[in-house]
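Right after this note come the structures.
In what follows, chain A forms one complex with chain B and a second complex with chain C.
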Partner chain A sequence: MKTRSSIAALMLILSISWSDALLTAQEQMTGAQIMEKVDTRTVPVDSRMETIMKLIDKRGSVRERTLKSYRWGDDKQIMWFLAPADVKGSSFLKHTYDDRDDDMWLYLPSFGKVRRIASHAKKGSFMGSDFTYEDMGDRKLKDYEYKLMGEEKIDGKECWIVESIPNKGVVTDYSKIVSWVWKTEYMLIKEDFYDRRNQLKKKKVLEPVNVGKYWVAQFMSMENLKSKHKTEIYMNNIEVDTGLEEKLFDTRYMKRIHR
Partner chain B sequence: MNNLVIIPVILLLLLFYPLEGAFCQNYEIRGSVREWIKNYIEGPQDQGLMETRIKMELLSTMGESSAFHVKSYYIYDGIKKTGEWEFQEAYVDLYYGWGDFRFGKQIVAWGKADELNPTDILNPQRLGNFSEVKNIRKIGLMMFKGSFWLGENTLTFVWKPEFDYYRFPTDNPRFSFIPIPGLGELQPDLPENELKNTEWALKFERTIGLYDISVSYFEGWENIFTPIFTYDPNHQVQILDKLTFRRIKMFSADMAGSFHSFGVWTEAAYFRTEDSGGNDPAVKNPYIQIVAGTDYTFMNGLKVNLQYFKEYITMINNDSEEQMEESIMSRLGLGFPMRQAFSSRFSRDFGPSEQHSAEIFTLYDIDESGYMVQPKIIYSPEDALNLEFGLNLYGGGSESMFGRFKKNDEVYIKAEFSF
Partner chain C sequence: MRKFAEFVIANPVKIIIVTLILTMGLATGIRNIRFNEDIKSFLPKDTPSRLTLNELEEIFGGSDVALIGIGNEEQSIFNVQTLKNIKAISDSLEVMGGVNRVTSLATIKYIEGHEWGLEVTPYLEVDPETEEDAQRIREMFYNDSTYIGIMVSEDGNYTSIMAQIMDGVEVKDVYREILRLTEELEGNDKIYMAGTPIITTIVSKSMKEDLRRLIPFVILLIIFLLFASFRSLIGILLPLGAVILSLLSMLGLMGHLGYEFTTFNNIMPIILLGIGIDYGIHIMTNFYQEAELLKDKKKAIQEAITHIFVPMLMACVTTMAGFMSLRTSPLTMHHEMAYLISFGIFMALVYNLTFVPAFLSLLPMPKSIKKRSGEGLVDRFLDTIGKGVIKLRHGIAVAGILIAVTAAVGIPKVEIEMNPITFFPKSSEVVQSDRMVNENLNGSVNMNILFEGDIQSEYMMNSMNDLQEYIEQFEEVGSTMSLATVVKKINKALNENDPAYDRIPETNAGVAQSLLMYESSGEPDDFEAIVDNSYQYGQVIAMLKSVATRKVAKISNDIDRYIEDNLSDVTVKTTGFSVFFKDLAYLVIQSQARSISFAVIVVFIIAYATYRRFILGFLSIIPLAMCVILNFGIMGYTGIDLNIPMAMISSMIIGIGVDFSFHLLSRFKIEFREKKDSLKAALIAMKRVGEPILYSAMTTACGGLVLTISGFVPVRYLGFMLAVIMMFCAILTLTLLASSLTYIKKD
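So, the complex of A and B:
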């Protein structure tokens, strides 16, 4: 009995020490290490969801788009627009790479062909939303210098605040991005985007939800502080690890009729 | 094809549709209503167009393995007080892990350039109202299209048993593309309706780095007729005798991608027209049409799209031969008889959700100094409702097509609601 108590006590001491060590290790992390953890955190092998995108102007009038979206890890995403009627049938495909610019394609049924989105066009708005094509892509770790700015609790979640400044030669709309990273899951839950004059331009907020063994965003908003325009994205019916095949994430699938 | 024929065609297509689909498929009807009023700025006929166009589409999907699509238009001409139905597309899609198949009346868009596509010859166009959007101008035809996925490559085969040709505005003297007396009264001699006369095409596509490329081959018929003249010795003039089509072969390639921050594309097609006797002066020597273009979006959202088009005629031996070749109209690709052209498109979205847009499109015929300028504003007060206001302006030398239209400047308003 005594031996068992001793083992339990030892386990408790070890676990406390381990937690302390983990916390200490976390607290000693640099901005770059945090963002590397964000980049490599575990995400679903694949996921599918229905998305409602609300475009809200400064007077409060709302335009709504409905999409069907599939993801393959963090690397590939394909979306089909289901509503409104005048954009239905359009689709968007993105391939993300670590070592080069993302590839993006847009299919508009009125043209009947898939067009690659050139890098200059990534500054443009994604289907009238406050997200640019650049915002839809993933930032490359190597393209930024990171600085840990502090910590803050947001909605009960302990967060690091990390500043990302683009390296010289990186083509981006922003001079600086400040990110709030949820410590427990290494997940972004808020970001501020600064324009080239270093003025706060846009604010992004994400709300995570636990699906299976993963944390994924179920809500995302982007507000443009200059135009007072806001985009809200609601992810519904999220399914993860559904067995989607990687070959679905190809321009060949963009033209297929979806409901 | 007579529109009445489309009903048995649709029934036939349904036979191809998987049987179980009849019980578990999803249906959807969607469409749009569009009102378009165009007035000539100069008389005498001051009303250019008063058209109501109702688009109806039926879409049906069975899971993710097949789909059925019918697209039709009811077009009411408010000037002539006549209306007609047009079935532009009616096809069945079958999707497999190794390829896609489409059977039925359809539009197959080829080429990567913007509007000026020499390789896009599978569907002819109605040019009666050539300021109409290209996708509506196109005539849907019965075709079978199969796309086979071979690793990173895609091989597409098209078999085209139905033939049709470019329809020019022969009933509107203000927009005569081909100013030949008697052209409107003459019916072209179509290729005989035989299996050996059916057309086919093959395309190979793949992505290499930042570039999407394709090479293709087409074997079939010109889709623009050749006017044949006979000499009238009594009046000592050439008289239009008949309109014919000749067999052609097209070898083509296109590419689209990014170069630094610019979008770039090019499209080239080499045409060989059959000359059975080997010495028919009305047959053009082999010729090449090339389009090269680039686009760029500035920080303020201004989008600029520039293109250059050129036609080269090969195997010309002397000046007189060159003169004769130049007098033969280009038979394929654009519909517009131009040999060297430049186009520009400046556009910008505006409004809180960038729902409105303004655009100026210019097409300049370099050889003949003709031009067409189309400024327009599209205002979208609600989702799915677009109001468009614009001008079609023409000018240039009297030898150019646009120069001949210089008294036909138009102002228009278009309203479209999609549902």
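So, the complex of A and C:
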């Protein structure tokens, strides 16, 4: 009995030091560990930017929307529509939580009231784009099984390739997501989304830019291979750690475009 | 002629080998033959509705809708098993190649306004577990009355699943998949398949079966006729061989040219067999007669060919002319048919003048053949009739005019029918299915109205909404659907479900923001079927009950007029099966008018060129014109529809009937030149050619009657009408035409 427990203790010690060794040598991380790093990487305290969203259909026709967008860490986000004229003044607010579904609100000046967006709208489109809320990165870490598939260099950046398979019972459009994680910054720079038939359905691409001491996205695109529809999001005039107050990320501030 | 005959007799083996090799070479095309029943492909490519469809399919990815009705009469569909089945079928359809999108309880969404905001929920996102779940879905469904009587029947016992077929996909593959899918269902739900793409697929399948059934039957009939005429194996095998070779040639050419079998032309083989066998009977009869007379095989063949060559060529050319009249039709299908049948008939002539005599010259001299029994009877009968005709010639002329006028009055009563559902007997499963879906659920015939412009403007939304309200007034319309439908629902939901807001918001911003609200709750492809990404194109989808083409055409015309009067400042175009039925109906009428006039003119010209007398040219067309008038008159009075297969009957009547006129006229001319007395000449001509004309009419009528065993209702009627009219044609030729000839005074 005693011998056995000491063997167990030894094994435990060994395994801990073994995994420590793995962590030090980055290359040996597991998929889950990589994705956890991605989830917890350092982001600006707050940021503000002007966002241009282009909705492009298979025949190349473009619909454009311009938004003013503020972020509070990774958790809160508010954006006001500046153009086109018929939706100007509409705004969107989101609070993200680790342990429960996100809260989202929409304000429509023509209807006057702030409305909540149903919490189960995860599969819903983000402002009519090819991004669903799910695609915008609001995946809960615990909802997936991860597997490190290999490595690849994308645009000169060394990346891990991690496959995420949703756990049973998770509401999602996808059977599988393959992510390219930039090793240096633990940033997702490319993702492939597979539909229920396990066919590649959408492709997401992200371009990072260095602002201050952070790496943030300056361009994101999502292409739906089935509908041949594409959304491009350009982040302009990005400012970080500007001293925004957290109280600004509240439904009260949705009705007036912040200056 | 004589040289030709000599050549044939001198080189029989060579001729047989060359004919067989050439035929086999041509026949290789047969495996390329395809069956097509896609109604829209029948329309000329530049038809506006077809151009609009191309545009629409380019924008929305498809327009054909297959309808699946599911349920049973005992219980409401809102039970766990049925809901699970609906979900299972919808899910499988969604991932099925060839299906663009699925509309069913499992895919449509419930839009509900709450104090806190808007909720967009699929009715059936996950399988219901308990009967309580099923009841909850039921309550949700009945809260929103939009889909009652459309997606779910009034009694709640049936629901529909609509699958939009992808542009450019073979519907038959999708159909087969759906069948396989529905076979695996649990519980006692019944499946009803409907919708024009499904029906046309079944038509296409049935066409093959029909040919497989009809061709052997016709061949049996031919064998019987040949046996009755010649009582010898050779007398059966040679003409049959020749006509089968001509059939192989025609089908081979069809395959090589890439022409397809459709409901327009699938009785072509039967027609060819019926007409082609006549040539064989002629040549064999002549050969046997000459052989009896000359007691020398080679001379008999030579004489037979020499005698028969010109009359047979004439018969062939005039029949070809009758069918070539279809070349004037605006429908491409008719052109192909014109070429193919003409070619087949020509080949039948060629084989009978080469292959048959070549074979005869290799065979021993036939034993003397028995004269057909009852010929004396026919002679006496014709003699009596002939005398009667001469005696009553004035009366016959008056009676003829009266009959023509009476029949002509019936012509406007002819109903034109293009809906392929009418191809099937009322008791058939497909008709039952179609009726169930049309009576209890959404209609199964689509109409698509394409709008172009700033779709999400308040003005455009109201234009769409007004048009939909107009369309929904027709009792034959099941439902309409567009972006305006959705915007109205959102507006209502955003205004605390107040029914007063079940309308388009008053400003462009209101519309845009309603959509923004929905976009943030629904899925990006929710509007894919009704508006394009840039909101430049939108469509109203109206589902019509599967009703008579006349009604569909009226609704379609009324809608066009409404658009013209009320939406002149908006770019709007209509398409969809309901419009195709209307367009096709119009083209079929046009084809009739053109081909009949063309055929009549050509017959006149040929007759005039042959007999060099204006009056003979004119008289030759009288029985034909009468028959065409009679045909449509009878159709009008008895309620037989003019439909796709029936559209060729006038060409057949003229093509076959013209031989009767020419027979009589040729003989009359010879006799008249001799006797210088039109009365005597007419009587003799009538007696001489009466028997072959009656015989030929009877064989054609028998062929027509064979068609009445077809699986297709219109083909049955076509066969029936053909039988009736061909007998009429023979009788008219021998009475009306014969008595008219007596009015001719000088040579």
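Just so it is clear, the second predicted complex is superposed on the first by the 229 of 259 C-alpha atoms of A that agree within 3 Å, B and C clash if a C-alpha of one lies under 4 Å from a C-alpha of the other, contacts with A are read in each partner's own complex, and residues count from 1 in each chain.
The rule is short, and it goes like this: a residue touches a chain if its C-beta (ideal position, glycine included) is under 8 Å from a C-beta of that chain, and two chains touch if they have at least 3 such contacts.
In this text, all values refer to a predicted model and were calculated from it rather than measured experimentally.
Visitor: Check chain A with both chain B and chain C modelled on it and let me know: fit or clash.
Guide: clash
Visitor: After lining up the shared chain so the two structures overlap, which partner does A:T172 touch, if you call chain B first and chain C second: first, second, both or neither?
Guide: Touch partners of A:T172: none, neither chain B nor chain C.
Visitor: Quick one: is A:E64 in contact with chain B, with chain C, with both, or with neither? Answer first, second, both or neither.
Guide: The answer is first: A:E64 touches chain B but not chain C.
Visitor: One more residue to check, A:S90. First (chain B), second (chain C), both or neither?
Guide: Second partner only.
Visitor: Thinking of the overlay built on chain A, is A:R197 touched by chain B (first), by chain C (second), by both, or by neither?
Guide: In the superposition, A:R197 contacts chain C only.
Visitor: Taking the superposition on A as described, I'd like to know which of chain B and chain C A:T132 touches: first, second, both or neither.
Guide: second
Visitor: For A:H229, is the partner it touches chain B (first), chain C (second), both, or none of the two (neither)?
Guide: So A:H229 meets both chain B and chain C here.
Visitor: Now for A:S110: first (chain B), second (chain C), both, or neither, which partner does it touch?
Guide: In the superposition, A:S110 touches chain B and chain C alike.
Visitor: Taking the superposition as given, does A:S47 touch the first partner, chain B, the second, chain C, both, or neither?
Guide: In the superposed model, A:S47 contacts neither chain B nor chain C.
Visitor: Touch check for A:I257: first (chain B), second (chain C), both, or neither?
Guide: Once the two structures are laid over each other on A, A:I257 reaches chain B alone.
Visitor: Given 221-229, 527-535, 545-553 or 725-733, which part of chain C has C-alpha atoms clashing with chain B after the fit on chain A?
Guide: 527-535
Visitor: Where on chain A do the contacts from chain B and from chain C line up?
Guide: Comparing the two interfaces on chain A, one with chain B and one with chain C, the shared residues are 55, 57, 63, 84-86, 110-111, 115-118, 120-121, 123-125, 128-129, 227, 229.
Visitor: Using the touch definition from the top, list the residues of chain A that touch chain B in their complex.
Guide: Result: residues 55, 57-59, 63-64, 84-86, 88, 101, 103, 110-121, 123-125, 128-129, 171, 173, 227, 229, 245, 247, 251-252, 256-259 of chain A touch chain B.
Visitor: Which residues of chain B touch chain A in the complex?
Guide: 26, 28, 30-32, 59, 61, 64, 67, 69, 93, 95, 97, 100, 107-109, 111-112, 133, 135, 147, 149, 154, 207, 210, 212, 256-258, 260-264, 295-297, 299, 301, 303, 349, 352-355, 383-384, 386, 418-419
Visitor: Name, in rising order, each residue of chain A that touches chain C in their complex.
Guide: That would be residues 55-57, 61-63, 84-87, 90, 92, 104-106, 108-111, 115-118, 120-121, 123-130, 132, 196-197, 224, 227, 229 of chain A.
Visitor: Which positions of chain C touch chain A when the two form their complex?
Guide: Residues in contact with chain A: 95, 116-121, 456, 494-495, 505, 507-517, 519-525, 528, 532-536.
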